[in-house]
Every structure is written in C-alpha cells, then in structure tokens.
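Here is the structure we will look at.
The first chain written gets the first letter, and so on, giving A, B, C and D; residue counts start at 1 in each chain.
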Amino acid sequence: MSNTLGNIFRITSFGESHGAGVGVIIDGCPAGVTLDESFIQYELDRRKPGQSRITTQRREADSFEFFSGVFEGKSTGAPITVLIRNSDQKSKDYDHIRDTYRPSHADFTYLEKYGVRDYRGGGRSSARITAGWVAAGAIAKLILRNLGIQCSAYVSQVGELKLEKPYPELDLSKTENNDVRCPDEEKAKEMYDYINLIRKERDTIGGVINGVITGVPVGLGEPLFNKLHAALGQAMLSINAVKGFEYGSGFSGVEMRGSEHNDIFEVEHNHIKTTTNHSGGIQGGISNGQDIFFSVAFKPVATIMKDQSSVDRAGNEVTVKGKGRHDPCVVPRAVPIVEAMSAIVMTDFSLLAQSNKLQGLKNVKDFLIPVS
Amino acid sequence: MSNTLGNIFRITSFGESHGAGVGVIIDGCPAGVTLDESFIQYELDRRKPGQSRITTQRREADSFEFFSGVFEGKSTGAPITVLIRNSDQKSKDYDHIRDTYRPSHADFTYLEKYGVRDYRGGGRSSARITAGWVAAGAIAKLILRNLGIQCSAYVSQVGELKLEKPYPELDLSKTENNDVRCPDEEKAKEMYDYINLIRKERDTIGGVINGVITGVPVGLGEPLFNKLHAALGQAMLSINAVKGFEYGSGFSGVEMRGSEHNDIFEVEHNHIKTTTNHSGGIQGGISNGQDIFFSVAFKPVATIMKDQSSVDRAGNEVTVKGKGRHDPCVVPRAVPIVEAMSAIVMTDFSLLAQSNKLQGLKNVKDFLIPVS
Amino acid sequence: MSNTLGNIFRITSFGESHGAGVGVIIDGCPAGVTLDESFIQYELDRRKPGQSRITTQRREADSFEFFSGVFEGKSTGAPITVLIRNSDQKSKDYDHIRDTYRPSHADFTYLEKYGVRDYRGGGRSSARITAGWVAAGAIAKLILRNLGIQCSAYVSQVGELKLEKPYPELDLSKTENNDVRCPDEEKAKEMYDYINLIRKERDTIGGVINGVITGVPVGLGEPLFNKLHAALGQAMLSINAVKGFEYGSGFSGVEMRGSEHNDIFEVEHNHIKTTTNHSGGIQGGISNGQDIFFSVAFKPVATIMKDQSSVDRAGNEVTVKGKGRHDPCVVPRAVPIVEAMSAIVMTDFSLLAQSNKLQGLKNVKDFLIPVS
Amino acid sequence: MSNTLGNIFRITSFGESHGAGVGVIIDGCPAGVTLDESFIQYELDRRKPGQSRITTQRREADSFEFFSGVFEGKSTGAPITVLIRNSDQKSKDYDHIRDTYRPSHADFTYLEKYGVRDYRGGGRSSARITAGWVAAGAIAKLILRNLGIQCSAYVSQVGELKLEKPYPELDLSKTENNDVRCPDEEKAKEMYDYINLIRKERDTIGGVINGVITGVPVGLGEPLFNKLHAALGQAMLSINAVKGFEYGSGFSGVEMRGSEHNDIFEVEHNHIKTTTNHSGGIQGGISNGQDIFFSVAFKPVATIMKDQSSVDRAGNEVTVKGKGRHDPCVVPRAVPIVEAMSAIVMTDFSLLAQSNKLQGLKNVKDFLIPVS
C-alpha cells in the first residue's frame, strides 16, 4: 500500500541505499511498448551521483537489469521489474550513526515507527531509492512520446537566486547544457558558483524545480479525489526533501482578483483555448489542453559537513560529525526525478481516461476471433 | 476510484449542487464511536452559505440525515451514510450558461471529458459538495478527540493582506470570533473590510489558510508513497480553488541553509523533541511528535459579478453575465473544510498505523470467547 | 474498503435491514448511459420479497430514488447514488434476539467483532442489502447491452432435486415463467412443490444457481490476481448464504483426464473457437470468447420456524423461538442477485480492458478542441 | 493492480517461467519479524519441481535471494523483495509452439489480449510463478506462528479416488510422509499408483486439495465485500488450474435442511463454541473461532504427452506434439501453494482487524517520546 503509486500504470518501489540495490516494478504497462534501453540508461545517468563537482561524490554506474516483463525488447503486459544494484556502498561510513539521530533526517521517525532500522546511508529513506522511479519514468516517457505528451523540468531557484522568467520565455532544450539544469545560461552560472560556494562552506542550500507538461489532451484527471493536480502534488510530495507544491498561479494567485485571474476562452484556428493560463492547464481537476506547469520546493539537504549536536537512542547528548558523501544542493539531480514522477502520473491518467468512456468498447473484438 | 479518499477510514463523496443533495459515505469508521449530532451540525454550520455579509447569500440549512451505519447513537462498523438535501436551488439562474463555458470554471473540461454535464450551479464541480466532507471530518474529529489529536485552521492571508505572526504566537481559540476566521482581531477586521470592498466592486479575491495539528503521536505516515505530508497535500489539493500546498518551512525553506534549517534534537523532561520545527512535524513522511503545520493557497473565486467574454459549445463568442450567488472570497468558509480534510487524513493514518505493528495482535481473542 | 467492490466500475454498498433503508453508490459509470428506470425497477421487483408463496411475506415496494449522478435521464460520470427506503420494518419482531445468538446467523461474529450490533432483522448482515446490488447490476446490464454481453442465471438445484441438463440444452428465456426461476417447466414444478413442503414443515433448504454469460469478447480478465473467474468467484462468495463457486468443469473436472478435458481449438467460419468448453470460457484468467458458465451453492436459510437451543451474550442457555418472516429457500430470489453481481464484474472488466491498451490513446483529442 | 493481492499485507508477483526468474514483493510486513531463511527454503522445496517420480522432471534449486527489506535477519517495515532465479530453462523446447495455441493453455487468450507473448514455457501464465507466492506465504506463516494460527492443506482426491474421512479424523502431521501429500497412508499409496499409471499413459488427471486453518481468533473478515471466505476463494481461484472453491458444508450443504445445517451455540469451559461446524468457521464473512476448512478443485494439467490437433495464429490446423516436462497431476506440489495463499490471506486479515478498532490507539505514544 505504502510503496505503490498509481491507478492503472502502477509503480512499486523497493530497495535500500546500502543493501543489494534498489528497483521498481511497473504493473499495468501496456503490452507492445518498445523499451529503449539506452534511453532508460540516459535518464538514470541524469540522476546518478558523481556527475559533476556540485553533486555527491558517491560513484554508482546505476546500470539496470530487466528481471521480468520484457520479451524480445517489448513489454508483454506482465509486471516489469527493474533492478539497479548498489556498488559503491561505504556502509562503514555510517557506523557512527547507528544509534544516533541525525538532525532533520528520518532516523528518529523510522526507528520509533518500526523499532528496527537499516541505518546505513538512510536505508529506505535515502534518495537513492528514486533511481527506480527514474527508470519507471523513462518507460512512462516512452509511452507518452506516442501520445505527443512531453514532461520536462528545470531548476528555477537556488537559495535566493531566482530565475524570474516564466517558462514560455525560456528555451527548455538548453536545460541539459549545464550542471545546474537551469535553461538560462547566465543564471545557471550564478547558481553553479553559489552551490559551489555553499559546498566549500560545508553547508547545503534549497531550491525550486519547475515542471512543464506540453501536448496534453483535454480530459485527463478524475474528479473529485483523483484530480490531476492533486495526483501531481502527491507524486511530487513523495520525493525526498520536498516541502511544497503549487501549480498555475499557485501561491501568487492568492493576491489576484477574479477578474484578473480568470482565463478567458477564445476560438483560434477553429479550436477553443484560453488567452491566459493562470489555471496551469487544469480546471476542476481535469486538463483543459493548455500547458500544465507547476513548482516544487526542496529544502536544503540535511547532511552537512559541520558538527551538529543531537541525541542518541538512549537520550544522551551527542555530536553528529560532518562526514559522508552528499549533495550541497539537491535540485540539479532532482530535475529528472520531477520529470519521471510527472511522466508516471500522466501515463497513469492517460490510461485511466480510456477506462471511463463507453465508446472505446465498440472496438472490443467479437467472441469469434477473425483469423488475420 | 475517483470519489473515494483514504486507506482505512475512507470517505466516498457524492451529490450535486442543484440536484437532490450532497452526501458522503464513511467506510472504516471504528464501531462504538458516539456520533454527537449537534457537533456535526455545528461543523456544517461553520461551512454553510449565508452565514455573514462576506459569504454567498444562498440559504441552506445544511441539516443532515444519517441514512445508515448508526444505531442507538453509535457507529456500528457499517458504512455511515450522511445525506444533506438541497433546498435553496435556483436552477433557473443557470439556464444562461447551459451551453456556455464560464471562464476558469470546470464547465469546459467536464463537458469535454464526459460529453454530458449537469450545468446547474457547477453540478458536481461545485464547492457545495464539500458539505459532505465537513460531516465526515466532524466524525473524524470525534475519533481524534479520544486520541488527543486536534486539527485546527485559520485564515492567514486575504489578497495581499498577510498575517505575519506564526501560529505559536496566535491564540487559535479566537478564530471563530470573527467572520473572516482569522485569530488576530485587528488583522481580521482589515481582511473583512477588504473582502467587503472587493464584494462591492463585484469582484473576488484569493487567500491562504493555515492548518495546525497538535497532539500528534510519533509514527503516523507510511513511506514511501503514502507519506503523511503527501496525503495531507493530496487532500488539500482536492478542495475547490486550491492552487498550492506547503508544510513546515515550505517554499521559504528553499532559501535557507542546511545548518539553519536542520531541527536539532534535544531531551526535555526525559523526552526527545526538536528545538526548532522547520520540518513541520514530519520527517521522512512520518510524524515526529512536533506540531504539524501547513499552508493552503486558494485562488480568487471564478464567479464574478462582471460581464466576461467567452465562447459557447458551438464556438461562438458570447458574453457571460455577472450574476448568481457566490462568495467574494472563499477562505472564511473554507477553514472548516481544511480542518475536516486534515482530520480525515489523521484518522485514516492513526488507524493505518495500528495495522503495521505485530504487537497489537497479542490482544486478539482466543478461538473460544470468554463469557464476560 | 470492505463495502466497495470493483476496479473501475465500483459499487459501494450501504444500509441496514431495519434502518432508514439500503442503497448503493456506483462510481466509475461511464457518462452518457441512458438509465432506464423501468428496467431498474423490473430487476428490483425480481428480487423483492413477497413475490410468491415460496418467498418471505415481508412486503416492500423496493422503489428507488436516484439521489445523485443522473441528469436528464443520463449518467454524468459522477457517482450515482441509489436509495431504497425500508417501509415494512417490524423491528419489534427482533426484540427477543437482542442479546441472543441465532444459530448460523452473523449475530455472534458481528457482536464479537464490533462490540455493538444493529440486531434488527440481521442489520447489516441481512440479505436485504442486496437490493442495492441489484440496482447497480441493472445499470451494469444497461451498459453491457451496448456491448452485446448478456448475464443470465437460473435455479439448477433445490435440495436433492437437480436439473441435469446443461445450459446449452435449456431455453433460458423461460426462466421467468415460474416462481422458482428454473427454465425447465417440469423440474420447476417439482422444485416448487418441494420448497412448499419444506415451508410447511417450518424448515428451509439449500440450492444451486447457475450463471451463464454470453457474447463475451476475448481478452477480459487481468492476470494474475484479478483473473476473471477469481473476480466472479469473489463476487458470488459475497452473496449471503453462498458456500461454494465453480466454473467450467468445476469440481467434476477433477475426475477427468487431460486428454478428455482439453478444449481443442478449431477454425469455424474464419474464426477460432473451441470444440468443447470445459474451460468455461476462461483460460489463464482471461475470457476466450466462448460462453462463461459457473455454479453457486447456497446453504439453507438459517432462520427456521422451529425452536432451537442457543446461548445469549452472557453465556446463558436460551431457546430461539421460530418466528419472523423469511424464505424457505433462497435461490428463487437470488437469481437476479447472481445476475447482478456477474453484470457488475463484466462491466468492470470491460472498462478495465480498455485501460491496458495503448492503441486506444490514439483517439485522445488534441490539445486544441475542434469546434463541432 | 492485477499482480498485487491483499489489503495491508500485500504481495506483488512478478517473473516468467523461462526469463531471468520469478519473485515477489511483500509490502506491509510488520517490522521486526525474524525471517527464518531455512524455513522459507523448506517451503520452496516442498513446491519445487523434480521432487519425486510423480512430478515434473524440470530441475530447479529454487534458492532465493532477499534483495530488499531485510536487515540483520529481520523485516524492517520496508518492502521485502524475494528473487528466485531460473536455472533449468529449456527455452528451445518451446520453439514449436511459438505460434501455436496449445489446447486449454493460456496461449490464445494472452496473445489475443496483449498482442505479444513470452511463449517460452507458459511465460507469465506458468505455475512456476507460484514459487514467489510460496516464499511470501512462508513469511506469512512466520507471522501467524506468533498468533497461534496454523494453515495446513492436504490432497483429498485424485481423479475418482477420494479420501472420504473429514479432516478432524485425520492426522495432518502425516501429510508430508508421502509424495502425494495425503495424510492417509493407504489412500496415499493408491493415489500414487494411480498418478504413476496416468503418467505412463502420457496423460494427466485432476485432484482436490483441502485446506484447514486452526487457532483462528473470532473477528477476522470484513463485510460485505471483503468477507474472509470470499478473500480465501479469490486467492485459491488465483492458483493455476483451479476450477472451484467451497468452504464449510460447500456444495453438499445445498442438500441439507436448515434444521440440520444450523450450527448450535453452546458454552464449554466458559467459552462459546458451536456443536457442529457446517459454517466452516466463518459466519457472515467473519471468523467465529471454529476451524476454517475449505476445498479447492484442480483440473487435469493441460500439457499431455499425446499429440493433439489445434490451430496456429494464422488459423492453420496444426498438431501439437506431446513433449516438454510437466506434472501428471498437479495436486501434490500444489499443497504448499494452497497453504501459502491461505497464510497470506490470514495474515492480511489479522493486520486489517487491528485497524478497525479504536481501542488499539490508546497505546499510541505521546508526542514526546520517553527515553527508554
């Protein structure tokens, strides 16, 4: 229940940071999808550690194995299992925190909840788990490609450094051109230098990632408790370190009047669209065909290279040493995760949308199958 | 699937704005809960229309009927059905929008998705539906009362008017003292006057509601895809007009460094707590025993008293007349809805937490029942 | 969780035998289905008490109200709520069993599980609840009619009296011609007399209902844990008094050899079919296009008109008096229930089947909606 | 959706007969359970092929790897992944059926449903998949052991050879003493010889397995659509080759009168029990504390060593050659599968039962955690 996400296209996450590995099962993937392994690896590489100076120095190939569900390069309708084995575990690094609660980590809550804890590198609560999600998201993207839906994301803020331009003024194809994953070259450089400075100060800093979904058909989203934006929000809030989610006008829309905020309908080239998009492409929980856009807030990474006071399991005051490997700012590596999660949601809702129309059934074959 | 929320304590919403009525089924309510009808009615009254000059003038008693699941004043473990009949429907008011898409309403998306639409007063997409949620939330509050958990909410922003004080500096018992539901009397008066001004200008304005949950035990929340904050976020994003959700430090935490943001553990009176609470009471998706707090952004209501241009179903340009009854600002009446949704989530996760411990089973009765 | 059945087309049951009434919510009904009220009432009438001498003498009109989800005679995609109010409750009849456990009823288990019990007429465990299921099943049948799928059922056994002919040798259109609902007129008369005899002896007797589903397309059913026959089995085992389910060759197939039991494929009129149908229309959990058939075993009704010894809540020996109104044999009235449950399952799996094909998505509209 | 079973203790099945392997994820396993690996292997060995002359000659060690969720020999509350790699695949054996529909196999339905099929050895529809279920069932048994609940099963029929004695007259500890897994030594010998004869005739035969669950507390089972027997039925009907399920008096109860069938309550040693157990330990869908017993019908294995006529994908008549490795009768190896599935259901319902009581919450810790 707690490790499965989705309605029709469902992913089940498993694995730990310093165990055998991490992975994911995708159940409900339509049959016949060509699973382009190099694309999946490309997406994993975008997330993997050690890719630049401003990310953690842990080295992982993050290469994957299809354990099930794939035959002759295609999905079969059976659950697809993706395994990603850990290789650069340094479990010894964590012996000192076996009984210590690191500030703002999940050590305390996991141990209190479960009474037992895999303390090595965060165990189950490690962001390493998201490698599996990125693999599942890559498969979702392959499906969405057939539908003309594209999920992209980029860094829009690091600490106080904000990219003020809205996404329509940006060239999102430039996002991958720099290590920060900010499509504005100049701002990216500032952000890079800032993260590097923070790193040298042995500290960490938060950031914001913006997500943009284009090519969305009208009608995705299931009111009332499966609204498209609620599902996107839930998916984003599942990512480690996320503290907030907004879509369309978001928190800033609060200050607008209805007469400004309302998106006026008009007809263009014989199609109905809106002149503005404060709705963020979703009205009443259902996509309206305009672009979907949203923002996701990430707190600063809890692991810092400074000593901090804390308590251990027995209630003794202790000092948590600043050591281990970690990211000074999580957002550059979280861009592919945000994309993956939005692709998973969009695929799920695309498949779900097919199930609530009667028309589709007209195509169901007769009881005697024609010989083709 | 789309109208049910929750894992164990599950609510199923039904009804329309201008049909027979609205309602809710609560499945999974523990047996033996005394269902205080006057408390449930009190909560419904807090949400009902027509309660002050700054809310819609529709008049509804919002009185409810228990159709099932209650026997001699107690829950029986069977599904509880709550019916709230509509009385002041003025369906005629909506004839003019039968084929017209009101800007930033769900008219267009519902009609495109379903091909048929109950156009009267928003039909299924009306905020009137939340009356059922408030009834379910009242029952959840009755359960949580036994556990010492309290869910409260208040208005913290209307348009640009912000209540800057954080919740620990406020006396939340004063929230109900004014029509705005802001616990700071002075700020409440400003907000009231502002909303009234907006109303007179035939316009609407957005706002923010803050939620606070106290008395939370450690250990509620199910990683990875059923994190407590993700469930709260999903519930809040299900409420009409909500555009954003953040918890703990939220979007402002982005600008903090790890060394500032981390919540240091300490021992007080023999118990472990944190000195600060940027985590908002949740770490790794699991409650850590500190207060949970969050903010919810509401856009300005889409119905305004001004004419707007739009298109109809056939693609003709039309003018949508500014008429009907509506709220100039939704947040005063949304406070009980935010409380209700948080109470539903907290009850669900409290019951869920019982199911993942083996110890509890020690109490299961032997196969031969002792005669008491 | 416990009162909801289905994946896409989901029914939530509620109500009690002697409370306000019973009902059902159907969530996931496609929009635009014309809801023929007279057909729904016809199906309810087939199940309702007091329809002949061999059924219980309780009198209920079992007329229904659409509380939500229907607009201008059509489904809207919103949850459909059906209410059926109780009218002929004689709660007084049950005062004598308030603290007494009637043999083979659910009095003991409900009270032990929940600690509180609506003891009037079985409360939640009464077969009266199935009225809501029949209403939902009628809506399912209206959907299936469009797909050419037909769900029928008939009585094949009462006590030791068996109808030996398999369904292909019967004229199922004759099922409604007699009070027993057995399509063989002669056997029906024998069964009628036998039930009447049992009734006069103040006793009850069990029976078997056969279900037949025709016009089934190939491909319905979701392996591995949502096999079509497993879903049918679960639905049938949810009906009161059911003790067993088998499909195709069932328990008698056990005695066959593989060489006899295997259904040989052949081509007929350019279509692939099987020469025999021991598989009962389902192979590997998926429909193969042949007719689906199954049997459902019903125990004798627990309420008898004879005194029985038992114990009360305090552990005292007591005598349960033979009184109240009940059916001497449940199968005649259970025929529409079996049909309803199979129609609900078939509708659910038809809609579900649409969601696991990628092809369907080709039809999703472009992001700009054409003006029709 | 289709490969996951359970509410709280949920298993997700994956893998194929001739791919990398098979496996299972167990989500919702309580933390702190000692996972006795030798016991899990013992259960796998009971199911594995090649264990006697009357089973298939495929050789598989069926040794397993914990990929996740286990730390220092204990469950951590994280999803437990069990991998069982295939070793003795002879995929070449299946080249001849690439485009051929074997009679009464799932070749035709899978290919029609999915348009693509892993044809090697049944692929996803192979009974080899159940190895994962047995591993999950072994873990469930380890949990149930703490609760005093025991799930056992035995062969009660092979072809026409029936073990007439009911389970209370049998010594179930003798089930493992022979290759047939029938606790009656004499009958077991007859069955063995019969299966051997069938094998020599290059044919197959069906059988029945009886399940018995003892030590069951009162109150497990969730009405109305999650009745304990319906969940057991669904689980059993998920096993390959199963054609029927009955519990308690089952199909034979049909012929009884209410006055015979009713289980009379009595007090014994200060506890309430029933004098007979036609109810099979479940009343109204809830366990009543008596033993639960049920029967499961298995058809003869579809693979036979004889030539059969069939058609291929193109509609040509073809002959399916009698080759490959298979069991002449599936029931001896299915005994541990029936036990596993019943243990999974019982564990799930034990955990679920904890979630619908409010009392349990009294134990939830205060918001400040005491230092132990």
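Definition applied: a contact is a pair of C-beta atoms (placed from the backbone, for glycine too) under 8 Å apart; a residue touches a chain by one contact, two chains touch by 3 or more.
Since this is a predicted model, take the numbers as computed values, not measurements.
Novice: Which chains make contact with chain B and with chain C at once?
Specialist: Where chain B and chain C share a partner, that partner set is A, D.
Novice: When contacts are scored as defined above, which chain pair ends up with more C-beta pairs, B-D or A-D?
Specialist: More contacting C-beta pairs are found at A-D.
Novice: Calculate how many whole Å lie between the centre of chain B and the centre of chain D, each centre taken as the average of the chain's C-alpha atoms.
Specialist: Taking the mean C-alpha position of each chain, the two centres sit 44 Å apart.
Novice: Roughly how far is chain A from chain B, going centre to centre by Cα mean, in whole Å?
Specialist: Computed value for the inter-centroid distance: 26 Å.
Novice: Averaging over Cα atoms per chain, report the distance between chain A and chain D in Å.
Specialist: 37
Novice: By the touch rule stated above, which residues of chain B touch at least two different other chains?
Specialist: 1-4, 7-8, 13, 28, 31-32, 77, 110, 112-113, 124, 218-219, 267, 270, 272, 315, 353, 365, 369, 371
Novice: What part of chain C is in contact with chain B in the complex they form?
Specialist: Those in contact with chain B are residues 1-4, 7-8, 10, 12-16, 19-23, 25, 27-28, 31-32, 65-69, 71-72, 74-79, 81, 83, 110, 112-118, 123-124, 314-315, 365, 369, 371-372.
Novice: What residues on chain A touch chain B, complex-wise?
Specialist: 1-5, 7, 13, 101, 103-106, 108-110, 112-113, 124-125, 129, 157, 159-160, 198, 203-208, 218-219, 221-227, 229-231, 233-234, 237-238, 243-251, 253-267, 270, 272, 274, 278-280, 283-288, 295, 297-304, 306, 308-311, 315, 317, 353
Novice: Which bits of chain A are touching chain C when the two form their complex?
Specialist: 8, 28, 30-33, 77, 143, 146-147, 215-219, 267-273, 289-290, 350-358, 360-361, 363-371
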